[in-house]
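Look at the two complexes coming up: chain A is in both, with chain B in one and chain C in the other.
== the complex of A and B ==
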């Protein structure tokens, strides 16, 4: 007897076997230890972004053209890069440009998504049509390729990249918010709000939006992770951060040349990008689960 | 083949959910488990098929036809025994069948699972056809997907699937609650007939005494995990010894319908006219939902609107409320004709109380915020929230609670308070008590009747159940296929229905028993 058949005999509802069994019935829960660790990582990273310049004020201007030292050298626990700058100091100083951009991108595309997504989902009609076709168009563009082309035309630079990524990241936010708003709009509590003749703005932003917050916030955290990787990729390709600014992506490019002299010059920024991106993902999931539980029905 | 349950109890994360209970069900006999939500009746049923939610454990012993059930056992212990001993029939035929598989396949799988061998293709069609015939469905139902069948037919398929493993015990958990009144009787009669045929033991779980009356032999009344009363169904219903059973019987609309008890005295219609609906028309595509519907509601009158799902009664309510745009006809309030849609209406003209108390309150807003918003709309001060809560019989500390922390009845009270906040001239109750337990339902009906007496508002009370409507309505309108087929004083319509469809509704309301008695067939 196979599993699905065995399962179907117990009730009148033969369901796909994947939904059955003891392991499937357990709600997916993130272990608190992992979340605590991820929060710690994010805390340190954002601390470094905020106060890094106070701890190591001269990360970029030190020892220019001194020798290239391997990890474990006296005074330089992670060694120095090809220009003789301390890798540890560079990594701390690089946190600011590596994190500031992604956070602005996530917030910016979240704002776009909330406004356009809510309008499209609640008002429907031509607004919905225009917004939906616009997102279709943007989703058809490969993010990195588009960023490289536009940076090439406009001469690149940090803030051009920020604006560009906001535009390119916004479709996912718009779609997610629109779907959430569509789902909520059909609920009786929205009709009850209409019975009170509340303005459409109040219905949209006071009644519907709080019910899609968990989606919005979770997606914003995921966007921080994606944008972090995108930024670093662009800097690595030389179209993001201009030379002379400490940044994890740039460190990757610069460190390649002396990879065999000082591997830490490449692996340290790479590790930081991965760890911070994973931590942002975990925290995003956790926040999403917490928020969605606030208004949860206890039937 | 007797089913014996001894000292069965269920322990959950929050403590003991079901206190030890014992029962015996003879072959061919039916045991009814009665109680409101949270009384532990569903947990008891689930423990007998090993489907308790995570964190719940069952203790005690149970045997079906001499085979002991592995109450504390794991999934593998249950898999060997479940289905062939006990089978579970669930409430909602809309979700208990897989939407992507044909009904015949779903029955065949259960047969294969129970016998442990695959059926040959030719054999399989014959087996499925026989199973469908048992529940009075034509063979072509095997080819249909669940969404192609009506609610009543779906529940028949579900019964066929539940019986496909040839169990000795069938546990039916609120098998008819999701169905229309006319379907309910058919399904219950079918279950009874099958039971007699197979000498099947049945445990029937319900909050509705109408279901239990005349169709079960023994009854257990449960409350908060305790069995408060047990005995022969007829004698318990005739002379309940526990006050809770008495209250349940009193709250039952069917009992009230049979005895003629009302929650509020019928009042002659003499107030000024509030709402006049004239020749209302509405179509969805080519389907005509409302066809020349006219009615009046006066101040202080409760007008009942009765009909089955699809009769157009909800669309009528939504047109009056402005949530739906009518195609033709006029709706006027206080003599002023209103254009279709919400834009022409103000909150103090009419408010709706919806059916589902779980989705009609914003889950992210506290009760206080919900009511304060409704008060502000009418220019009233948010400090009146406490008074409003008192009007609907809720304590002031509910202000801080969120809807998820409230029971269904409490939520419906909040929804009523919200509807009353703008001091509407007309209150529309669209199946407002249908999702509630019988005892809670009576409380809400009493509240509505009291509000009418106190505030003198006009009420349109919409329901599929004539028994419920006649408990509070002064006059009644019967709708069928988008038309008004009968109207008049509530008592007249109930005692002397003129239209054929009304006669059906009255029979359903009184739950007239057409089931074969044991041994008669």
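== the complex of A and C ==
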């Protein structure tokens, strides 16, 4: 879902393989330096997500209601936010909430995609029909709109948003896996496996699945980027992360009020979201190229 | 073939209308209280709401009554604004339409030439810049781009107004520039990618090689290729559209524009169900119609399909 939320949605919203086609078909040589940089960025971001609370244990509770300081103030290199909390500390502490959700979304929709996509692609029949109509329906929905309406009407919250995004992101995974499985099923090695009267499950998950892994992993990586954007978009609109949690999207929303006093309160989390999303995109493309070169050309 | 597509669209909209209607029942909390909003819950008011939504009838009758209203333009009363929903939407529609159209124009005007150039000189510096912009446009949340532009061009260098919709005409246009550029970045990223992919595929095909071998100028060859590449670009419009819907909400919220996006956001946060229901249906209908138009355009663009159609009818 390119998606953007589509991008997202939309951009954030799930994209058909056609969009990602050429970079895989015609591997542009991505400079390893750029990929190394992207990996470094992701490493630091996930490091902050894992250990941020150890470095700054009191990011959320420090000096509440102290003054709002511009960047470069003594003791606060990036200034303070609308409640007088240090922006740098908040940005480090916000990594966990900002990254955990998107990673779970990517893994969750990957799991949905692998199971439903493989079943639909290999078993065909009514399962395929049902799964395909379901993905058609979901792909026609604008991710962000659906997420806003559902979490707005039924009450939002972090985990509701996670589940919602898994459902809305899964069609792209399902389609990609299904297409890959369909393509593999016609190959001689599958016929050979069937001749040996291996069980369906063994054929599906031991023989076909490894050959579509590159597609799945690439898409999961891209989904992390889209989910990050979608998550922060929802927080920005007030239906994602609830107030009182350190989170980049939330920081952005709250920081808008004092944007002209301390621009860093808004632009630091915004920059972090963009940089991590771009890094995830680059690494995703790179993994896709690497794996598709090593393994069989599935696309 | 077109008739089948139209029937399919109507079917999807019908299913969606039931889902949207069910929203009223699925929303947490007491139904009557939700519909009353912040009006005092006197027995008369409750009776009026029960009467208005026919809550004493069966669910099927309620749905049919509601659907009948929707089809005749009676979308109910907004709980938050206390005006008919159709008026609330009508008031805000022009601004959102203008914003989307402007953003779309900017995106197409920049992205299609850029995508074509990127494909023609694949691997060149323009291709790399285009690729980098596309990754950025897809990765950067719309509101983040909007806030950066807002800070730079409305506060730091005050060329454009900070927020609001202006008072009509040229003033509104001035207010729409920044939000439209914000939206256009995301839209453009998708269109560049679509155009580049489609052009690359066409440039590889035999007729292009042949045209080149015949000594046609690169300009003419590129025009030939673009004509054929237009088909996948136009059919990719649904992707652009889904982005546009979400993007408009974000851009309008960022720049505090009184359009449909902010109406939706306010109504969702206020739990103004009639407005949310109507807007959801409205957006779905618009998307369905535009997707349908894209399919028809596809028929018109491809001479092979056109000839088949002519032969069949």
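Methods note: the second predicted complex is superposed on the first by the 268 of 299 C-alpha atoms of A that agree within 3 Å, B and C clash if a C-alpha of one lies under 4 Å from a C-alpha of the other, contacts with A are read in each partner's own complex, and residues count from 1 in each chain.
We take it that a contact is a pair of C-beta atoms (placed from the backbone, for glycine too) under 8 Å apart; a residue touches a chain by one contact, two chains touch by 3 or more.
It should be emphasised that the depicted structure is a prediction, and the values quoted were computed from it without experimental measurement.
When the shared chain is aligned, chain C comes close enough to touch A:148, but chain B does not. When the two structures are aligned on the shared chain, A:197 is found in touch with chain B, with no touch to chain C. In the superposed model, A:282 lies in contact with chain C only, and not with chain B.
After overlaying the two complexes on the shared chain, residue contacts for A:49 are found with neither chain B nor chain C. When the two structures are aligned on the shared chain, A:137 is found in touch with chain C, with no touch to chain B.
By the touch criterion defined above, A:211 lies against chain B but remains apart from chain C after alignment on the C-alpha atoms of chain A. Looking at the shared chain after the overlay, A:116 reaches neither chain B nor chain C. Which of chain B and chain C touches more residues of chain A: that partner is C. Judged by the touch definition given at the top, the superposed model places A:92 against neither chain B nor chain C.
Taken together, the two structures place residues 1, 4-13, 15-16, 21-22, 26 of chain A in contact with chain B in one case and with chain C in the other. The touching residues of chain C, counted against chain A in their complex, run 12, 23, 26-28, 122-123, 131, 135-136, 138-144, 147-148, 151, 155, 186, 189-190, 193-194, 196-197, 200-201, 232, 236, 238-239, 241-243, 245-247, 249-250, 253, 264-265, 268-269, 271, 273, 276, 280, 283, 287-288, 291.
Chain B contributes residues 49-51, 53-54, 74-75, 78-79, 82-84, 87-90, 95-98, 101, 105-106, 109-110, 112-114, 116, 158-159, 161-162, 165, 321, 323, 342, 345-347, 350-352, 354-356, 358-365, 373-374, 377, 402-405, 415, 418-419, 422 to its touches with chain A in the complex. Of all the residues in chain A, the ones that touch chain B in their complex are 1, 4-16, 21-22, 25-26, 187-189, 191-198, 207, 210-211, 213, 294-299.
Those residues of chain A whose C-beta lies close enough to touch chain C in the complex are 1-13, 15-16, 18-19, 21-22, 26, 28, 137, 140-145, 148-149, 152-155, 225, 229, 232-233, 236-239, 252, 256, 259-260, 263, 266-267, 270, 273-274, 277-278, 280-282.
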